[in-house]
Each structure stands twice: as C-alpha cells, then as structure tokens.
Amino acid sequence: MASNFSIKHQPGFTAIAATCFVVLYLPILVLVIYAFNAATSTSEWGGFSLKWFQSAYQNTQVIDATLRSFQIGAIAAVLSTIFATMAALATTRTASYPGLTFKYAAINQPLMVPEIVTAVALLIFFSRIKIFTGYSGLGYLIAAHTAFCIPFAYLPIRARLENMDLTLERAAADLYATPWKTFRRITLPLLWPGILAGLMLAFVISLDDVVITEFVKSGGQDTLPTYMLGQIRRGITPEINAISTAFLLLSVAIVTLFFFVSRKRD
Amino acid sequence: MPDKPDRNAIEVVNVSKIFGSGEGQVAALDKVSVSIRENEFFTLLGPSGCGKTTLLRLIAGFDFPTAGEILLYGQDIAPLPPFKRPVNTVFQSYALFPHMTVADNIGFGLEMLGKPKAEIKARVAEMLKLVKMEALAGRRTAQISGGQQQRVALARALAPQPKVLLLDEPLSALDYKLRKEMQIELKRLQHETGITFIFVTHDQEEALTMSDRIAVMSSGKILQVGSPWDIYDKPADRFVADFIGETNFLTAAISSVGNGKARATLKSGATVEATVADGFQPKDNATVVVRPEHAKLTKDKGDLAGTVDNIVYFGTDTHIHVHLDSGEAFTVRQQNSRSAGCGFERGDKVGILIGNDAAQVLRD
Amino acid sequence: MATAEEVAKAAERRDVRGRWLLSAPALLVILLAATGPLLIVVVYSFLAPGAYGDVKWQFSSDAWTSVFLERDIFDDTLSLAAAHVTIFWRSIRLAGVTTLATLALGFPTAYFMATRSEKTRDLWLFLITIPFWTNLLIRTFAVLQIIRNEGIINTILLKLGIVSAPVQILYTDTAILIGMAYVYLPLMVLPIYASMEKLDFRLVEAGYDLYATRFKVLWKIIFPLVKPGVIAGSILVFIPALGAYVTPSILGGGKNMMLSNLIELQFGQGRNWPLGSALSITVMIIVMVALLAYVRNAGKSGVRHG
C-alpha cells in the first residue's frame, strides 16, 4: 500500500510540464547563443564574438527602427493607459447602467478580431485619409497602436479596481473628503500598481506588433519588428540574433518589473 | 455638552428605503420612525436583512431614503452627501487606508476639514492616547492586529469630533475575548467623549450589555424601542421575545385585566398572575411567555406538568427540556451549584412552578 | 431644498453622464482606429477592384463570389475555387490542431504549476510569462533556427546517423504547426492556470474519499471545475492561430499560405482589394461563430467556485 498518497499527483503531468518548459526556453537559448557566434553563417559555430551586436549597433536602419518603435510605443502606451484608466473608472464598481455592456464590448473589440482583419481595415481607412489630407506621418501608427493597446492596458487596471474595497472610498467620504479628494488621496494611490502594469503591458504590446504596423506603415516607417521581418524573409544573418537578443533582454526586464508591480499586494 | 439631557441628536421620521423597481422591489425600510437622544448609546438590533444597516447607511449618507426625513439636531440631512455630514462611521471591515500610516489614517478627517497642521497633530496624539495606540502611530495599517485596527478605526472616526458616531457591527470580526474587551472599551470611549453612539449589531447579548436603549428591528420595521431591561423583560411581541434570549411560549386564556396584571389560565388548568400591557382585551387564545430562569422545576405538582426530555449542561447553569402533558415544550434554566447533579433525570415526571411576576402576556 | 430622493436621482444621472464622458476618449480611439474601419471593409467587399489597387466605386458582388468560387475564363461557369478552399481548410485545420496540441501540453503544465507550493508557484508563473511577453516574431525566428535544415535538430540527427540527409521540416504545414503551438502555448497555459489556481483541492480529497480513481478525479472533478479556463485558453489560441500572419510567413514559405497570407496577397501583388476585404470578413465571421460558441458554452458551464 502506498503510505504517501499524494492527492495532487497525476501520472505523467510533471513530465509533460517539464518538457514544455524545456521546449519553451531551448529555442530562445539557441537563438541567444548564436548571437555571439563569430562565424558569418548561422549554421556553424565560429567562436565567441560580439561583432554582430556591434554591426547591429552601427546599422542606422536598425537604430532608426528601434527609436521609431520606442517613440510609437511610448506615446501609444501613455495615451492608451490614460484612456484605459478613465474607461476602467467608468465601467467598474457600479450597478449596470444603459450602455455598460456596449462599453465592455467596444473596449474589448480589438481583442476579438484577428489582427490581420484590423490591419486590412486600417490599411483601407488610412489610405483614404492619406489621400484626403496628404498627411502621412507617424500619427496613423500611433493611433492604431493606441487603439489596440487600450484593451490590454484596461485589463490590469480594471482588475485592480474591481478588487479594491469600495468601503475605503466610502470611509473617505465619511471623513469629509470631497469626491475629487477621495479620488486623489484614496483611489489613485491604490490604483497606481494597476496603472503601471497597464502601461508596461501596453508598451510591450505596441513594441511587439508586426501585423498591423506592416500594413499601416508608409515607406520608411519601419519599426524594429517589421524591419526584422523583412530581414528574415531575405535570409538570416547572426545580426538578427543579436538584435533579437537585445530585444529579448528588454522584454525580460519589463516582464520582471511588471511581475513585481502586479504582484504587489497592499 | 449635554445641557438638555433629553435633546434628540437624530430623528428618523417616516423613512422608507426601497431597492430595485417594478416587480423586484424590496422595501429595506418601511416607514421607520425613531428618535435617538443626545449622548446615548443606542443600538439597532436585529437579524441580518432586517434593515438595521440600511438605516445606518442612510444616516451616514451612503444611501438616500426613498421617502422620509432624517434630522440631525432638527436639520434634515437626508439630501446631504456623506462628506457634508458631521457624522462619522466605524466600518465593519474597518476600511483603514492601506497606503497610510496609523497616524495619517486618524488625521485624515481633520485634514479634509482643512484644519491647521498643528491642530491635526495634537488631535491625532490625543486620539492615539485615547485608544492606547501611541506606540504604533507610524505603522502601516496592514502591520497591526485586528484588535489594533479596530482601535484605529475608532480613533479615526472620533478624531473629527462628530455629532454622532455610527458603528456598523464593528466587533464582529474579533474573537470572543477581544470582543468582550472592546465592548467595555467602547462604553468607556462613549462615556469619555460624550458623543452619541449608534451601534448596529445582530448579537443580542452585545446589545443588552452595552446599550442605553435598543431598537429591535425585523423586516424593515422597528418593533420595539426601550432599555435593555424593557426589551428583555417586557418584549412587545412574539418576535422580540423570541429574538432576545430564550423563552417559553404558552397558550393561555386571559381574564380580569387591570392595573397591568391579568389572570392567565394555562392549558394545564392552572391559573397564574401575568403582567400585561394596558388596554389588553381579555381573550381565550393569547400567548404567555415565561423566561426559562423564571420558572422552577419540582418533583411535586406544579402549575404545569410534564416529563423531562433532555438535560443540557452549560457550566454555569443547566437547561432542562420538559415535554408538557399539554403537548407544549418548556425549558427551565437552573443555576448549577457545587453539589453534583441537577436532581432530575430523563423521563422523570416533573411539575413546573411559575412565580407571580414570571409570566407576561404578549400583545400579538 | 430638494428632497433626498430628487438629490439621489440627480446624483445618479450625473454619475452616468460622468461615466460616459470618462469612457469617451477610449471609445473614440477604438471607433476611429479599430471598429470603424471594419465597417469600411464591409463596404469595400462590395466594390470592384481598381486597376492599380484600391477600388472602383461601383457595386460588384464578384469579390464575394470569388471567396469560394472561381469563374472559368472560357465558358464563364463557376466552380469551387480549389486554391481558396485549400487555404481555408489548411487555416482552420492548423488552427484547430494547434489548439488541441497546446491544450494537451498546456493542461498538464498548468496543473503542474497550480500544484506547486505557494512560493514556487510565482516562479513558474514568471517562467511561463516571459515567453508570453517575448516578441512573437523573435520566438518564431527562434523556432526557424531550430527546425531548418542546418538547424539543431537536423544537425543532431545527421551526427547520430539517424538520417543521411536533413529532414525537410521548414516550409511545410508541420513547420507552421510547430511554430504556432510554440508561440501560442503560453496563451493556453495562463487561463487554465488561473482557473486551476482557484481550485479547492479539498474537493479532490473528497473525490478520493468517495472511491474515485486518479483518472476519475481528473475527469469528473478537476476538469469540470477548470473548464472555463480551458475554453478561454482554446479561444485565445484559436483566434490568433486562424489569423496568424507572422508564423506562416516565416515558417510556411511562399506556398504553404494561410488565410492572412492570402489576404495580404490581394492587397499586394493581387491588387484585388474587394476580394481581400471579402476574405477578411469571412475570417471574422468564422471567429465570431467560434466566439458565440464560447459564450454559449461558458454560459452553460456556469460553474463558479473559489
């Protein structure tokens, strides 16, 4: 008889889980290792070298695309987080009111439609506007990124608001705080971790986008991902590995930060 | 402060609160009127859903009444938002601000009132001393125990010197011992500050030990208002009698009513003297209540006769459940003494003696 | 002075108005740069293609006809458009198999994570979150380097003498499948884990107490309770897999097109914007059907716990 019957054990599950984690990380590990490959070909190992990082750094196209990605990402993240925060305040902690369901649906709509469809729609719509106004700057990309970042920024902010104890604000009102003061002194400070999490999530989502950017961008408006896609289609060099590694590092840094912010309970 | 001892701090006049609309309408409060005197410890007592918390929320301003007036020293405050009412609340969950220190929590109300910094500081220090929390002034609220949080919540609500303090089941989260301590503490605070306390609870024992007066509520109505003694010894109706303490209900025929007394003829045929409200009309089918501790068990013939059903030992006393020959049930509470046993066993044929002041005729 | 009830009513009206104002910017941006343009796609699908891309402003149902049918150049008869049907079928099949594969792998993984101690659980969650947040393009690129002919798998197989020539995985449906399962796995694990974490293991204990076997406990107790997570995960994988663009572009090569590549083609070399629009809407309809099935299912299995 088994003396230690574990109620949580299921045969084979641990093995599958272990395989999953290995399989998730192995390709990334290989990609990172090859970024330090001295050889020009990506199929053999030519010794350790940082030359591909250097070459990426000296590639003005890469630097331009990176800066453009950051610019779009930063603006879209800030705008979408502000809008999402406002929308979250408007759609949580209330009895149902006319239009509430509509708002949920509208805010989450970008999540419900495959990216390619949104991309095509924006291509058509923005090309019309371009003809109409003659403007062909980064505004289109920023608008598109802001729109699809809103539901992502909305998620953690709404979650935080819904977990927030309404009695705290009631207590503030009871202690003579006007609605605005209650918001400034109680709601906003308590919501802050959610807002930060939303901001980071929005930034990463914007930074990662390929499909919509690929369809919306005008000539010379490559972001880092669309630049990389173009390069990969043309044939791969370890420079892509180097860029990916740097990108990866940034993602890990942001996730780590996100993780600590969103896990913070107080 | 209390120049006229009988001045009313709060007057609730014909207040109704209806939630929902159409078919799903629920009246949480149904034309409730009650006056709460200045400087008294007033308790709203009732089972959950009776409307006591709704009434408290209306006084605090978290909800607006559907009809009626709520007067604070004669002024109707019902339309005012909570931050314009000189009334503070101690919440059931304490609702301490987690991102502030103990001292900041206590000073919050004064800060919102725009008091000068020095005054706030002095008042916070005074409050910390009042609730004996000086040592923990700089702590975050998550770092202190439940009992300590309770004290901070009290201090925070008392700091702005409200005209009325509302307490929404503030002791329900504490364990038994701490609850007993806080009951005494609350009485002390009320005495020292001279503030009118309105206390909401479903715990009848808590209500009886702490209150100057109690309002017993059920289904959105106030059934009886009175001192703890009134409520316990002269319950106005069946609900109050049943809700407060344990009691025995007996069917009796009532005759010769007068001077607050009546003759009650029980099913057993025995006749006892019972207290009765003025204006009660004699009738055959009335209910008489007898508290278990006001009856006496005997092996001889008593006013009632029956068989011992069950004996339950409680430490300080013993409850003896008797199945009466009339078919009714009756419980007798007997104080325990050092000598062993209660003197009865299951199956014993017993008599029950009801003293002259023990029985009371119910209004129902 | 106004009565309390009037004040309450006014406050409520003010509250609702304020809530509309607060949500206006978000709604406006989404309307302008996401939802609104979708309506234009519908309009475009009923127009005729322009000679150099874009559209001619005249009504035409040709685009819709050619989603599944093609007109013979000589005798004008309509027949099933084999190329389109193949691509539709490949997309749905690959998205479906990807969903099943990620479920088969993701369910045990989520279970494993949820049964760790409170402290280490956060670490496992962190480990699954990193790939989730890592650029999809980079992850696809990482898969490319593993499965190509000169990649690590073929190198090992060749070195061990198991095969004499590299196995061609890249530019096949299998490559797309591997790539999609790889990139979407975290999307399956996370919602299942979220349900699983709330699972009360005392219920499992009760199951064993009442003579259930391990499999019975899994199937009759655990699975029904985490079903909302499983359904959410399946939807989260199926929708992006159906519309996947990056993965088939990189791993499928030119000939193993999926729907998104077919759509892209109409806006590029194909110069048939109306057909591209009609195809986009068809994809959206498939997604809507899947979502509706989800909503109905989620409504039915209304098990809430925790």
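Here the chain labels run A, B and C in written order, and each chain numbers its own residues starting at 1.
Note that a contact is a pair of C-beta atoms (placed from the backbone, for glycine too) under 8 Å apart; a residue touches a chain by one contact, two chains touch by 3 or more.
Here the structure is a predicted model, which means the values were calculated and not measured.
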* Go through B-C and A-C and name the pair with more C-beta contacts between its chains. => A-C
* Using C-alpha centroids, which chain lies at the maximum separation from subunit C? -> B
* Per the centroid of Cα atoms for each chain, what is the distance between subunit A and subunit B, given in Å? -> 55
* Could you give the separation in Å between the centres of subunit B and subunit C, each centre being the mean of its C-alpha atoms? => 58
* **Distance between the centres, which are taken as Cα means, of subunit C and subunit A, whole angstrom** => 16
* Asked: Where does subunit A touch two or more other chains at once, residue-wise?
  -> none
* **Interface hub residues of subunit B, defined as touching at least two other chains** => 81
* **Contact set on subunit B toward subunit C in their complex** => 63-67, 69-70, 76, 78-79, 81
* Contact residues on subunit A for subunit C in the complex? -> 5, 7-14, 16-17, 19-21, 23-28, 30-31, 34, 42-43, 79-80, 82-84, 86-87, 89-91, 94, 97-99, 103, 106-107, 109-110, 112-128, 143-144, 146-148, 150, 154, 204, 207-208, 210-211, 214-215, 225, 228-229, 232-233, 236, 240-241, 244, 247-248, 251-252, 254-256, 258-259, 263
* Would you tell me which residues of subunit B are touching subunit A in their complex? => 60-62, 81-84, 87-89, 91, 93, 95-99, 108-109, 112-113, 140, 142, 156-157, 160
* **subunit C - residues contacting subunit B, complex** => 1-8, 11
* Structure fact -> As the complex stands, subunit A meets subunit B at residues 165, 167-168, 170-179, 181, 185-186, 189-190, 266
